[in-house]
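So, here come the structures, one by one.
Both complexes shown next keep chain A, but they swap its partner, so chain B is in the first and chain C is in the second.
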Partner chain A sequence: MAEAHDYKAIGTRPVRPDGVDKVTGRANFGADLNLPNMLHGKMLRSPHAHARIKRVDVSRALAMDGVYAACSGGDFPTNERTTDLAKNCMARDKALYHGHAVAAVAARTPYIAERALDLIEVEYEPLAPVLDVDAAMADGAVLVDENLRTNGDASKPPSNVAAIVKFERGDVEQGFAEADVVVEVDCRVPTAHQGYIEPHACTATINEEGEATVWCCTQGHFDVRSLTANVLGKSVGEIKVIPSEIGGGFGGKTIIYLEPIAVKLSEMSGRPVKMVMTREEVFRATGPTSATHCRAKVGAKRDGKITAASAWLAYEAGAFAGAPVGPGCMSILAPYDLEHFSIEGHDVLVNKPKVAAYRAPGAPQAMHAMESAIDDLARELGMDPIDLRLKNSADEGTQAPYGPVFPAIGFRKCLEATKAHPNYTKPKAEGTGRGVAAGFWFNIGMQSSAEARLSEDGTVTVVEGNPDIGGSRASMCLMAAETLGVPYETVRTHVGDTESTGFCNVTGGSRTTFATGLAVVQACEDIIAQCKQRAAATWDVDVEQVDWADGQAIPKPGVNVDANPLSLRDIAKNAGRTGGPILGRASVNAQGAGASFSVNFADVKVDRETGKIDVLSFTGIQDAGTAIHPAYVEGQMQGGAVQGLGWALNEEYIYDENGVMENAGFLDYRVPVASDMPMIDTQIIEVPNPSHPYGVRGVGETPIVAPLAATSNAARDALGFRIADLPLSPPRVLEAIDNQADA
Partner chain B sequence: MEGYAYARPTSVAEAIGVLQADAASGRRSQLLAGGTDVLVQMRSNDREPRTLVDVKHIAETNRVDIGDEEVFIGAAVPSAVLNENAQLKALFPGLLESADLIGSTQIQGRASIGGNLCNASPAGDTIPAIIADGGICVIAGPGGSREVPCEEFVTGVGHNALGAAEFLLGLKFKTPASGSGDAYLRFIPRTEMDIAVAGAGVALTLDGGGACTAARVSIGAVAPTALLVPEAAAALIGTQVDAAALAAAGAACSAAASPIADKRGTVAYRRKVVGVLCRRASAIARDRALNNIGGSQ
Partner chain C sequence: MSRVHVTLSVNGEPREMLCEAHQSLLDALRDELGMTGTKEGCATGDCGACSVLADGRLVCSCLMLGVEAEGMDITTIEGIAQGSELHVVQRKFLEAAALQCGICTPGFIVAAKALLDQNPNPDETTIRYWLAGNLCRCTGYDKIVRAVQDAAQELAYEA
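Now for the complex of A and B:
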């Protein structure tokens, strides 16, 4: 339940400042910028999942009327320091997945550019592709990268396993020996895409001095700047990045694909170049999250006390190292207070697109495995799954499996709220199943900057550098209004470009409302400090004798001065006479991002003749810390739940034996449509984060973590047996039902 | 998508003239009704120039005539218009439901059952429903009009029986007798905005005692073209359309299906589910027919 507090702005639900432009179509997204003389760039992509590139010849394309530039890997700096990201943006000696960029052209129209692609000659030497973790980890597997050695250990032979990570405590063998009941789950979760509706898009221009400007949709324009500089061998000072509005990202727009190519084509042609991906390109060539193979094992005493847990995780990284297996390992046992555990994770290369972040990267897959096992354990023990979790739950003072000791956390409150929730206490309907699962995400802080500028009429413009994906402008305005003691409507928040605001890390890790919010609060406190000085000067008192309350400077009680309060508006109006414009600033490297726990539960019904699972109800309960804008917190909880449900039920990359994705479009990559979903009921638990002035925790990622296991557990309940793998698509479910009937 | 010419004939003769001129010059003609398939196809890397011949401004393709003997539905009448026609909905609820399954509300303002038929997708939802209802394709051409039973109209994946200078004018149905009912069901993994993994259309007529005197069953998405399944109809005719008859009809559909395995479902899955759909659609058609016994529709 919400803590008692007397906030005026925080906790209210005003309309978002960017809403009108978005619903009326005025807002400009990645593909909306057009410049005079602009060309259109298109990418030629590898038709092979794995091939050596022997030769690329763009001369015939360049000779075509209307074509102004063409480039390939040889046009970009290539040496031993060339990053994976650079090779992902444009292949060098090898194409590592079907759809890997191998060349690009810029032409007068998109149609000419498409035709020009047909004229580019590429000589490939096709190689056998390696397409899943089991094949990639097998002895004698084809190597995606012949120079890759596990954990960089030069004494080891080359391998597709880029890294092995381990977390251990106690003696897991002893723990399992002490258990009365041990259960084990072995499961696979497919590749899933973030499914943002807006495809990647950018427009770039560069002048003769080598100064480039890039307009693009991104979750972090400072990262676009540094990554583009890296691929092009430029300094960040030579690149300006201006973020557009963003039509969804969910982690997938924290890296780059097009920007350095567009800059290169602009440099070659002397004209601005726009590049916009098709939906098919988004599926074939941008980073989804990892397909995984996980094994989870958990043992307990008859009374439900867990004595040991272990996990083995293998994550597809795609063609370059960097699967989110570390966060998967960190999350998998975080809800529990355990004496003995071991977790081993593998980051495995395969000939598929390089994975990118997707909402709580790595946690949904890992926790699907362990929360399925915990559910089976509850069945074996005959315990309510909430009671089992309550008996073992982490709480304030518990050491997290990944090291730190938790400060105040809300997991027990989420569990208790579940037990009391009307959707949980009501009996499930005939023929339906109910499943419960826990979710967790640690959240991050990192670097943020903000300015708060006081205008002459007392209104305030906040400028910060985090693209607004989930309503963060509204949250910034609310925190600024609360701090300054002014109405929400008098504050506007502007997302500045790389030259008009201080450095901010990406909008990711659920960090923006926490870390950038902290910077905004401090920038507003800076304004207050300056306002108090102006008031002190006006009243001819010491600044220590001035207080700030309800948006105005007042003399402290007992200060003997005949003075009327000075409002923010009064001080703004007279700023010219008291020292000039008032500008608040702050920059932070925010520490203490609060972990956010959740409990989700679902009721499902299975059509036993078609295998179709309908989700009848779904409830998300989550510790959000203080909910700055509760409607947007609920929106995050609902949106994450829908993405998790889609992944649980139908979403998957389907590949043929050559590594070609067969469902590269929204028709056959089945995200849920609105009518597939029940109303997602939400309950916000507010355990304030002690490391933030208003108690903010990251909110946006935790909601996708628990739905996979909650759905799987509900299906287990309805079916009477478990289908361990996802998605629970109709053909898989019907086959399992038929096999069960035959058994 | 490359440049294209656009013709908007307002009469049958004018349309045929455009088609003949293109045929004579070797230029590709593309018939266009609502465009909900054609425009998508043009945008997905089909770079060849062509003439779009828009047939939805011709009176005959926009007519809906409901007579005592016959019903005519113009080829370009949008699904949304069909579904607002209460009389038509009472006569062919299954056919109209099949049209209502295709696309979103906005798409249905343009999409037509004639277009769905000409597009000749194996998974076209209205096709099994039209076949079950005994639809006859009325085709306009240089030599006048000709008629082809719907089950013979689609000749392969993306191919239909139209000649170079012909176009589909509309569909003709016998006005259903008292005691008739139809139904169409498809299976998709979602609730809407998807393509059939399998589909089944059923139309049947019951006598005063509830015995089935006539039936047609057609299945979709389980073969290169929608199939008429006489064995399934035979399993229903002469019965009370009881559980045993429904099971036999379903089994006949599963047997008749020759699906492929693809990203949307395995052979075994489609075979099984098409039988389930036939059973369920037959039961709905039966219940509708029972409600219509004795009544003039």
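Now for the complex of A and C:
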């Protein structure tokens, strides 16, 4: 494979092809579509965190002038195969969290629809809610689901613990016995929301033959198609999904909430139905990620060699099983080469919204615990935290705690780059604290399809099926241009709907540039193969005697052809005479996604009067494999860092004792604003992934993993003692300072 | 329900619309005039995605009623470029990769233009505080702030 510096297109920073439409207001997002004769749908949501639904009567709402349809759980197929997702879209016999959908209406205007909700009669039998993992795991806890048994074991009594997962190696007791120093942290991280700025939105229409079309903002329209079909009891082929531009997702738009309801209301009314969530609904009923309780323990010899590590993790799943505790367990020790460890994770139901994926799902909370412990260990040993990590770091050939042996990985290079970074070698300012932490994410491959269509003037249209959430069209164009040997400007990438392109898994798992990129490269290679055949036919030589270089077919060295090279443009122009249109295609199930490691460090200052922590500087160093469009790689690193900083410093769902979220708006669920943050310095490390033609690893998720512990460790350094729980919000920090002064 | 006839100027063009009394300027722009470039992120004035200029003043259009726009000059994202020429802030956003998903971008561009109109040479802190009413969840603000700095620099060079 070529070295990065040999690339012509890859590694450059051109303007993205969809850019102009996004800076002028032309780009159409989820709520921007309006259809003739369209109705507006609104959802009625449970006012109780836990209640039996005895009766739902929509008749008075339906009788209201301007209301055309109303539905509730009874209008959707319900049997033993009904999925949790279907029950989350519309409650059946129980409302499981405050904000759970229980009915919906469609009316001429959103205002009428909202007033009609007041006319829906619901008879509830309120039940006591269970609101955190400790309460949910206690003996005699209220059960969220009376039929749930841990790991599906029918011999066990019902429990809120949906699953227990374990990862072990060696003899952890022996490992701790060998240690000279053992440290332990016990910490809680509250619920946080992805906080995408665009609320969920969709418009649906269905005809008399049952063929539905859905427009929506999603990270994966093929998944919207199959999930909507599942909830409605329809076949996948009856539903077409057209993705709009997407205003952020971070994992939260990989599932569905509104789409089947809008289709149902359209079916009932015979008219298109648009549904748009309010911000309050987004907070109460979508996302978020798990609140967690984690314990991490690590022991080492005096020289810093870690002899054992263990972790106990409990993750809130919300009202249905499926907390990302598995990936939490699998990532928590991934940066280290260990002989003895044990990890146990718990997936725990509580009466809160069903969690959705959030950027490296499960890893930030788990690694916050372990990286805090590693930091304490470095202090106990009197070692530099980077040196301690270098002494124990995973590298090529290390068996990951979750099983596979790492191929080439960039963790050591990230550590070495940190030690040499000017922000790290520079002494911290007086009265400030510095904290370091490691980050990791697996990244995934999975299925993607792509077409590369050669137009008659030699320009190329790439069509693939991954919504562009942060510049992926530009990355696809760069990889296509590089492969074909043509200028970036001659390639355009379009995101096709479910009928105009082949299947693609979601834009998630940091897979798009890796897996869909692989499909795009292969589709372009297909074009090249066809172009070489056309050239061979034109020159009357064997195709084996034709090469492809710099965007043109040339005779192989030594092949005597009395003709000029044929450019992509020449071949395109003559395609009609040489065999017809040229269309490259590829579909892949991409294997070998490359793990991405990072090191982050922060300098913070704590105001001891108010408890406010200011981030003075933040540096992210991460292995991208190869940075296809470095500006968007930096953007992922910076954006993930600031999301992580928000989680570390401020963001949390605040519940009252009845399970009602008290801060369901951006005023009180305070995400970072520009004036809270410094510039975010980045350094991209490039250790190419051997499983991708250009070495791509995927970069989107790792950036959010390390900031939690880096911030906690920096605060520890500034304060002189550790606050284990997050967020490090002014009230918590102030209380800890006061308690410390009293002690 | 009776609707209110509102006469206003949008991006320099005289317009009329029929608004419901409770309808926000944001909803009126989007639903009555079909101008969907202005976005809703919260409808409570906390995210700035709906930023417009009302008689030159930066406002959240979700916090203003459509009927309050009677007689006003409203500038939306659709009016920032001049014909086929992008405003320098728009150009610098593209060059600096200052957008990822792009939903907050219209609001940021309207807000940044308003800043540079009244303070062509803001320092980083001024830019950060001016833009503190606009939420971006993708970029971490770094490249947005740099794009505004770049735009200010180009404006200074041209002046």
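In this text, the second predicted complex is superposed on the first by the 738 of 743 C-alpha atoms of A that agree within 3 Å, B and C clash if a C-alpha of one lies under 4 Å from a C-alpha of the other, contacts with A are read in each partner's own complex, and residues count from 1 in each chain.
By definition in this document, a residue touches a chain if its C-beta (ideal position, glycine included) is under 8 Å from a C-beta of that chain, and two chains touch if they have at least 3 such contacts.
The shown structure was predicted, so the numbers you read here are calculated from the model rather than taken from an experiment.
Novice: Could you look at A:E114 and tell me whether it touches chain B, chain C, both or neither (first, second, both, neither)?
Specialist: Once the two structures are laid over each other on A, A:E114 reaches chain B alone.
Novice: Where does A:P565 make contact in the superposed view: on chain B (first), on chain C (second), on both, or on neither?
Specialist: It touches nothing on chain B or chain C.
Novice: Touching A:G11, do we find chain B (first), chain C (second), both, or neither?
Specialist: Touch status of A:G11: no partner.
Novice: Applying the document's definition of touch, where does A:P731 land relative to chain B and chain C: first, second, both, or neither?
Specialist: After superposing on A, A:P731 lies in contact with chain B but is clear of chain C.
Novice: Specify the partner with more touching residues on chain A, choosing between chain B and chain C.
Specialist: Looking at chain A, the partner in contact with more of its residues is C.
Novice: For A:D32, select first, second, both or neither according to whether it touches chain B, chain C, the two together, or no partner.
Specialist: second
Novice: Look at A:K22 in the shared chain and tell me whether it touches chain B only, chain C only, both, or neither; answer first, second, both or neither.
Specialist: After superposing on A, A:K22 lies in contact with chain C but is clear of chain B.
Novice: Look at A:A631 in the shared chain and tell me whether it touches chain B only, chain C only, both, or neither; answer first, second, both or neither.
Specialist: second
Novice: For A:G470, decide between first (touching chain B), second (touching chain C), both and neither.
Specialist: second
Novice: Quick one: classify A:Q643 as touching chain B (first), chain C (second), both or neither.
Specialist: So A:Q643 only meets chain C here.
Novice: Would you please give the residues of chain A that touch chain B in one complex and also touch chain C in the other complex?
Specialist: On chain A, the residues that contact chain B in one structure and chain C in the other are 111, 667, 672-673, 675-676.
Novice: Any idea which chain B residues touch chain A in the complex?
Specialist: 1-2, 45, 47, 187, 189-195, 197, 262-266, 268-269, 272-273, 276
Novice: Over in the complex, which chain A residues touch chain B? Could you list them?
Specialist: 111, 114-115, 609-612, 649-650, 654, 662-663, 667-668, 670, 672-673, 675-676, 729-731, 734-735
Novice: Which positions of chain A touch chain C when the two form their complex?
Specialist: Where chain A meets chain C, its residues are 13, 15-16, 18-20, 22-29, 31-32, 34, 109, 111, 194-199, 245-250, 276, 278-279, 469-471, 629, 631-632, 634-636, 638-643, 665-667, 671-677, 679-680.
Novice: Under the definition above, what is the set of chain C residues touching chain A in their complex?
Specialist: Those in contact with chain A are residues 20, 22, 30-31, 34-44, 46-47, 49, 76-78, 80-81, 86, 90, 93-97, 99-106, 109, 124-125, 127-129, 131-146.
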